[in-house]
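Okay, so here's the structure we're looking at.
First chain written, first letter: the chains are A, B, C and D, and each begins at residue 1.
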Amino acid sequence: MSFYTVSAGALNGLMLGGLYACMALGLSMVFGVMRFVNVAHGELLVLAAFLSFVFSTAFGLHPFIVVLILIPILFVFGYVVQRVLINPLMSAGLEPSLLTAFGLSIIAQNLFVEIWGGNTKSLNNNFSEMNVTLLGIDVPMLYVISFFVGIIVTLGVHLFITRTYTGRAIRAATQDAATAMVMGINVNRIYAITAAIGAATAALGGTLIGMTFSFTPTTGFPWLLKGFVVVVLGGMGNIFGTLAGGLLLGLSEGIGAAFVGTGYRDMVGFVIFLLVLMFRPNGLFGLKGSE
Amino acid sequence: MKRILTIVLQIFMITAFAGALHAQSAPKEVVIGASVPKNGVLAAFGSYAGWGYKTAVAETNAKGGVMLKKYGKRVPIKLVVYDDESRPELATKNIERLVIKDGAHALLGSATPPLVISGAVVAERERIPMVAALSPIRAFLGANKAGWKWTWNMFFDELEMTQQQFLTLNSVKSNKKVALFTDNGQDGVVMGMLWGKNAPKLGYEIVYHAKFPVGTSEFGDLIRRAKQAKAEIIIAQMITPDAIALWKQMGALNYKPKAAFFEKGGEPVVWAKILGKSAEGTMVAGYWHPDLGYPGAKELRARFEKDTGELYSQHIADAYAAAQVLIDGMERAGSIDPAAINNAIGKTDKTYVVGPVKFTEGKGKRSAALPTFMLQWQNGDLEVVHPKKWATKKLIYPLP
Amino acid sequence: MTGAQSPLLQVGQVTKSFGALVAVNDLTFDVGEGEVLGIMGPNGAGKSTLFNLIMGAMPLSDGAINFAGQKIDGLQANQICSMGIGRTYQIPQPFRHMTVVENVVVGLLYGQHKSAMEPAHERALEILETVRLADKAELMAGQLGLLDLKRLEMARALSTNPRLLLLDEIAGGLVESEVEELEQNIDDLKSHGQSMIIIEHVIRTLFNHSDRILVMNFGTEVAIDTPPKIAENEEVIDIYLGEELDEKKVVSTVQIPVEERDTILAVSNISAGYGEFQALFDVSLEIRKGEIVALIGINGAGKSTLTRAVTNQIPLTAGGVTWQGEDLAKYQAYDIVDLGISQCLEGRKIFNHMTVLENLEIGAYPTHAREKRFETLKWIYELFPRLEERADQLGGTLSGGEQQMLAIGRALMALPELIIFDEISLGLAPKIIDDIYEIIPIIVEHGTTVLLIEQNVHRSLGIADRAYILERGRVTLTGSAQELIENKEIQEAYFGLETA
Amino acid sequence: MMDKKYSPWAILILVTVVLAFVPSMGDRYLLFIAYFLVLNVAFAQSWNLVGGYTGLISLGHAAFFGIGAYAAAISIITFELPVIAGFIIGGLASTAFAFLISFPTFRFKGIYFAIGTLVLAEALRIWMINWEYIGGAQGMQFPIGIGFRLTGYFYIMLGLAVGSTALLMYILRSKLGVGLRAIRDNEDGAQNLGVDIFRTKLTALMISAFIAGLVGAVHAGRLGAIEPYSIFGAAWTIGVVNIVIIGGMGTIFGPIVGAIFVTLLTEAMADFSGIHLIIEGVILILVIRFMPYGLWGFVLKMLRRIPLFGGTRA
């Protein structure tokens, strides 16, 4: 193994980390704000990829244009699902909402099969085989794009939750739902908005996944697990933590693959996940429930 | 004396006839069962295999069914197909269900070794003959050291197939440095090993061998190593989704080999559809092409493309032929007795749409190797580029 | 009975802090064999934390706890249980999906003397007999009412066969006759020589049963002595009634006679509670525009429940509330602030991870308040210049007094017509309480009506126009502040004792 | 009162006797379905013990199943041990695995346990796929002819289903059962009454893993060929969670009801793979929302309205 393979792995991984952050952001938000473990988040990403596929094929549009249509669609979708299916269970403890999401994930996977078939799909785009040279290292263009999308989305969500009234209401509800209610905040609505924003970021995450990799109705699950790793690394609900977690996971996978081989690449993340859960249950960065 | 003889003969005939009426009256239908992956990562193969089976059965039924001499009439075939979702464990369950619930008299295999083998295990246990397609011969044989008794396999032989890549490139100049990308499925393991053996014999050097699990999506590290090893030729054996990811990432990492072979993964039309232009010039070993002049080949392709509106795949022919081999076996056996059918299948010796099929003799060698050649994606279609006698188009080298 | 020679439990210089908050501060005391120690103190004094520390639910920050001569801090709860300490919870923690008798069997099987299944079952029934719960032995614990749950708590604690029993507010939330019944149980235990530590808000219970009483405030010991001495202790009385004021520091702001003002909030005959537990009984009160009304009562009297009931946070079981003539029932809890009722919650409830400014801005969540938030903010900064200095600091980093200012400021940001102050003096130093109380008349002058919910009798009466005394979920006294100040019954309501 | 105490045993014995006659009915398809039914019951009881009675929502149960299957396969194929011995080794290997993972996973409180087990199972699957010694992605094939016929496997699995149900019934009446349910209802409360949380949870997880391991081992024998993708696949976990929740989590007969429901639905929908999972998912969501104790709990609730059947949840 040469210095080049390690450093190239590190740089590529870091760039890809932006995608990880972007796809995990929604998962992190719903957990942070309402302690809802959305095990259907992977399917949300795949849904986004499929919809992106449908629109880009039907209208001949570039996935990056399609995503602009997709964001509002998934926003509404996330809002409705949260309001109708998850909110009524919020008072019953953590398990019912988790298991409902579990049910949703089963339904979604099989619906995808019924609607779009089991074949592999990928979002055609002119970037997928382009390449950028950074510091003398070849990096796929899409990884670089992912990196910046990850940062921009994180900043956007951060600005939203710090600068807008709704955003502040989300943070207030995160910290103390009962008090937020007294402040006049309709917590159920805030939860739905949070889920909606989470779903909207998944629109981006899913589209990036579809462009960078390929997807099938069942690819949601591995992405969910990666999402958990990112979220646990960064601290549940911590927006910048999620970005940091994503970048860190990408970086360690990139370096890890160079050392232990591509076969064990995913193991690197899982091992980190287990260690962090054992020793730093609130993530590597920051406070519990901050932001 | 003559009288007695007549009486004896009459009694004999009556009992025989009564027996036939009682126990051996012609079945209303012959049941052929198949499990194919309609979903999951192997769904593409499942759709071809399913079409091939269905078409062969439909043709026979159009003639009134399979001719069973024992009953002196044609009996229609009922084809029952279950989806194994690319999960071997479901393939097992499906084959069991076919035998037990649907009373299958004979079986057709799924696609790729894990699924075929999982089903074949049941066929052996239940003693029902099965003809399998779409499973390379050595991987299939390797799975049962004791030897298959009820399962027949018709597909290419990996040993021959793993020479085609090198033979193809012998006609052009390259640096003879090869990077292998093989997954850890049955095919990957077997063929990876064979390429390793064949390369030096044919004058090539394996400068890098990447092994990775099925389902890998990020290949950056492996690609960089192949590039560093200065391989101009890559030979890969992996499933389609992984292969697409690998080829895209090679492009994105600025690694442009001069020749690329994607066994298994580069074959279904999804490959060309998803990759578009960049599929151009990639190669995959094949065992069937409609233009090779076997009976009914061109018609089969036309029929598939008319039926589905999709580009054909060589697998439609293999599956179609497998079903025909099974049906012919039944006709030769003249009954639905599993052992008789099994025997009759062993005597297959006929040219089908995939070429001549003759199962090798001997313990556990119940397979028929189909001759292989090299296909190359050119203008969204697969063309034969090697050997010369079969070539439909000229080899494009290096890759555009 | 001081247990000098071999104390059963020794708590030595125990400190527990949560970040900046010191919940238990350098506390030292002993409990002797057969002794009953009572612990009292206002909410947040650190009483339950102390129990949690003894039971090993959380690590100590400093100090040591010994039981029967052995160090127990650092052990796990089950180990401590096995050594002979049993506890009840203030809020019953039954195993809801197990029968009553099974609940008790747990302690018999796993507690100090691990018994076999069959005898455990029999013994459990005997214990249930002693707490008068035997007839409900086969019911699911989740189906029990509050009294029965309290009995079950007691039975479960006894099931481990403890040498020392920790009872946390076993009488809290119960009605008179029920309290008496549980007192009977405590009597029985005491006569059998059971060592106990009792935390209790029903102070009469505490005074009647304790050999000694430890009074805590801010996590620190105020006094530890026999009940009669405690009743006379000036410092203790101050904690409970507030300092006796020389004179009314603030003159009533009411210029127009009360009777001529419009009633803005009318609470008529409401009852409410939590599940089986009824916390309010037939309570009525009214608030008129421009008044300061005090609602006074000890911990557990139902003050906060009343707030929750009025603001739709919990459902009413009877009666109704009207706001400016409109029935509140059709609104959601989050609509209340839009209607003009703002709350400054007990315990301040600052959003710790938001800055001071963000906390204030979230206060102006209702649309009408949001539009005027910059003006309001200016005014709040005038009232509390300290908040302006700290505008960019996180809420969680403020001191207690600053947090209280922030809580008040946040409630005012909503531009309320009525503001409810829930225990704004709780846990604050007298000087700071003074500062905060000075703000109230200014708020009233600004046109906001004030409902002041307080334990601190003297403080609240010193500023209020009228007051209601709440005792065990019922209004027992009402009148003008002046009348009530002179009424000695208040002290009785507080201590349940004939005062000297 | 006494009658009620023994009626669950009566039901169990009745169901067992009825099922025991299935092979002699001569309908192999019935036997085929019955096999999957008893497999589902046994596996579901394994999950029920931790998920339903201890409050540990395990989303990695496929790992226990898979370890059992592989340990049996290695014993039987590689070391040529007798088949039955291989099965038992499968159960024990799974138990040992439960012991190993308890140290990290019990540190994960509440919901983290679910996520932790989910990730752990996936990590294990990747490990198995890469581990060449056990065949990597190729998996392992039992020599043809080794093992039992369908009837044999059915009786073994029936034994496991009945045995695990009886074991659960026994545990529930024992000290361990009391401790487990106390932990499920209120962990702190249980600890204050002397229950050693870690040890009690560990015992439950190990028993659960033992059952799951045995089920996996026996099923591996019946499959004849195993490979890590499906043996360690999340489909097993999805199936078992569906069964227990639909039937009734934390009840003895709930998993049986759930297994009957899911097995029959799966079989009825065999021609439309996928659709049955959509239906299951919808039912799962409805049950969570409207029937906290599943179909069985709902049936009991209805029965309780009839005075004859008054009393507590089984």
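One rule holds for everything that comes next: a contact is a pair of C-beta atoms (placed from the backbone, for glycine too) under 8 Å apart; a residue touches a chain by one contact, two chains touch by 3 or more.
Bear in mind that the values here come from a model prediction, so they are computed numbers and not experimental data.
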item	value
Common touching chains of chain D and chain B	A
Contact-richer chain pair [A-D vs A-C]	A-D
Per Cα centroids, the chain farthest from chain B	C
Chain A and chain D, separation of their C-alpha mean positions in angstrom	32
Interchain centroid distance [CA atoms averaged], chain B/chain C, Å	76
Centre-to-centre distance between chain C and chain A (centres being mean Cα positions), rounded to whole Å	43
Euclidean distance of C-alpha centroids - chain C vs chain D, Å	46
Shared-contact residues (touching 2 or more other chains) in chain C	none
Where chain D touches two or more other chains, by residue	126, 129-130, 274
Multi-partner residues of chain B (each touching 2 or more other chains)	38-39, 85, 184, 213, 215
Chain pairs in mutual contact under the definition given at the outset	A-B, A-C, A-D, B-D, C-D
Touch list for chain B against partner chain D, complex	38-39, 82-83, 85, 87-90, 92-94, 96-97, 100-101, 113-114, 117-118, 121-122, 124-125, 143-146, 183-186, 188-189, 213-215
Interfacial residue positions of chain D with respect to chain A in the complex	57, 59, 104, 107-112, 114-116, 118-120, 122-123, 126-127, 129-130, 234, 238, 241-242, 245, 274-275, 277-278, 280-282, 284-285, 288-289
Chain A residues touching chain B - in the complex, by the definition given at the top	2, 4-5, 8-9, 12-13, 16, 113, 117-122, 124, 128-131, 133, 138-143, 213-214, 216-218, 222, 253-254, 257-258, 261-263, 265
Chain A to chain D touching residues, read off their complex	35, 37, 39, 85, 88-89, 94-96, 98-100, 102-107, 109-111, 113-114, 221-222, 225, 228-229, 232, 263-264, 266-267, 270-271, 273-274, 277-278, 281
Residues of chain C touching chain D in the complex	55, 57, 76-78, 81-82, 86-87, 89, 93-99, 102-103, 105-107, 109-112, 114, 117, 138, 140, 156, 159-160
